[in-house]
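Provided herewith is a single structure, encoded as structure tokens, for subsequent inquiry.
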């Protein structure tokens, strides 16, 4: 039964990693941009929620509803003012700009909040657990996984069922011809980044309530997010969920053998998939 | 290159280039005799500058010329350092000789790393190298014989009995520890000069031309017969060996190691990238300028902790948006200087 | 007068492709641009459509300078392009490709999904198929329909017969009268001279970036066209 329990924990952890990864996947799918500051944006959002909860006395759920549009605006501005200027055929400028951004955010947070570990208070649901058949699981992990699924369903609905989503796909295919249709790629990119930041906010809620966080943990989240995207295959949001689950299960299995091996197990699983399926498990047919 | 009956030939020699070569020679000689006059603090600072310059030139070769943007070079710094410590502590080697082990370790790690990382491209290649570096760090932290997660130090006997320490101590009338610093500094100088000379020679050669062609347009280069895959492997392996050597040297001087320090992404990649970007990527002059700017910033802001890093990060962002070719790019565009001329020009009977 | 270019000099970076090109299109007209490969026809279309930037005054639409406007802004003015090579969006179905044509500008006019399907009935069958999974001729229909969805006053057709069999080309050009009936002016870029002369009210011939001949089909002789097209003597 221990192994079943471990695997279920791993699957639920995968939901968290999928939430980390979904924003990354969306942005890369539309504009071929990898934001190296993505993990740090999650941490930034966590601090934002923390401030709203401790400063205004709001419940974390209400805080997310306020933080999400704020993060949308932040992402939108970031894309319009900074990232749109460096997008282009050369991969170096966006890489280096987002790398600089990552360092800047980490240290700004350090200055603002110090290196102390913090946690978003979640008194109602923190220790709560529920029975799922033979295993008992925490309510928050289940909510995390359910949120990941919900977010992916909503995003897919947007991408495949709305004019905005059509603009996303068309701009991703061919920005010049999209321009002929009256679409302005730079504006589309800004909306995409804004949307990604809203997903990041949801991820931040579950990150911040689940465990302690501090300004330096961003890069590790980026790595898990990235691994989930690569394993899943570029362009598929459900694939990203699958990728997250694989990393989550690998990590919990590794930790069950030896706690020191948790993260290493995740990396090894990633390298294994890279070995046999370099394009991921569910890649887009093209590119 | 030229035959008696062909008055035209291709050359890279320029007047500025020749002048700079003489200047560089003078600088190197000055650098060699410096320990006679300089304080220990200065020698240590120069050691830091020279090793960072080496790392920057290597990363520039990889990313600026080779188009391989790696965020995982810290893996080679770390493995080189650990190879040195392993050789000294477990193998009883002389630390100076053990530096070479660092290069070998770099080569050995490079093969699986390239094998995995080359399956990815662009930004994903970058993060892939990072993951592999992290994996290496986590694996090395399992190596209990060398201190596991907390690390270890070089035994005093090994460092004070190191080849050349006694002679240097006598020559300059200093104590063993200072003599070790001087030795390390000389090796760093040698390494930096050899690296820059080597990279310069590489870029002037046919291999270098192929490299630049691939950087500009890989497909076109492939269509004229350049073996792109082989080229990437070659550059990556060269960079790994050089970084391994540098890493071994750096930690020889520190005499203390831990996985977090040896594989630190901030010290061995973030700072290096900053140096190359601010100085001017894709040029040999750029990293030289960059390391000077970096060191100046570090000296003035070091007391301010996170403000220092914050400034570094913001500067990198602003530089990439407004001056993507870095300070040297701006300077070179204004003045037309090329201190390390690699362009081949036709020189002919008009006495050009 | 709907659109005119004045001494249009366009190019790609340091490479100049057009030299002082003057053309004119009136409302409701069909104008053909003919010329050999590399003559500058597509460059001209791209300049008008806003894909290539130019000095503002070099292209005028109803008197307004539009040379420097983006392609999105040009679309809002009622100028739509059927790009060379069709350029359908592979991630969108046929119907979505059509819909996206009318997404940013509905315009006042008769074109909608239903009327496009009436114009090209085969597309109704294939509406859910990915745009690029169709035959060349069908893709061309989608590309034309997509441009029509914005109800443009001026339709730019860049080499719509390229790579298609004669039978298919005939089918496509059969739709042109209906398009003109809806009130749109059309610029047709063609390498096929006979086809161009058949549909156009007026013809311009480009060679090496310059207008070498212009007039109505009736006015132009075979010899004049030939020398304007190829240069030198026939």
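For the reader, a short list of remarks on this structure follows.
Each chain gets a letter, A, B and C, in the order it is written, and its residues are counted from 1.
Going forward, contacts are C-beta pairs under 8 Å (C-beta built on N, C-alpha and C of every residue); 3 or more make two chains touch, one makes a residue touch a chain.
These numbers come from a predicted model, not from an experiment.
Among the chains present, the centre nearest to the common Cα mean is that of A. Farthest chain from chain A (centres taken as the mean of C-alpha atoms): C.
As a whole-number value, the distance joining the C-alpha centres of chain B and chain C reads 55 Å. Centre-to-centre separation between chain A and chain C, using Cα means, comes to 44 Å. Distance between chain centres (mean CA atoms), chain A to chain B: 34 Å.
Taken residue by residue, chain A touches two or more other chains at no position, since every residue touches fewer. Residue numbers of chain C whose C-beta contacts span two or more other chains: none are found. Under the contact definition stated at the top, not a single residue of chain B touches 2 or more other chains. Residue ranges on chain A touching chain C, taken from their complex, read 163, 166-167, 169-170, 172-174, 176-184, 286.
Residue ranges of chain A in contact with chain B, taken from their complex: 28, 32-34, 36, 82, 85-86, 91-97, 99-108, 110-111, 219, 222-223, 226-227, 230, 260, 263-264, 267-268, 270-271, 274-275, 278.
Of all the residues in chain C, the ones that touch chain A in their complex are 49-51, 70-72, 75-76, 80-81, 83, 87, 89-92, 96, 99-101, 103-105, 146, 150. Here chain B touches chain A in the complex through residues 63, 69, 71, 116, 119-120, 122-124, 126-128, 130-132, 134-135, 138-139, 141-142, 265-266, 270, 273-274, 277, 281, 305-307, 309-310, 312-317, 320-321, 324, going by the rule given at the top.
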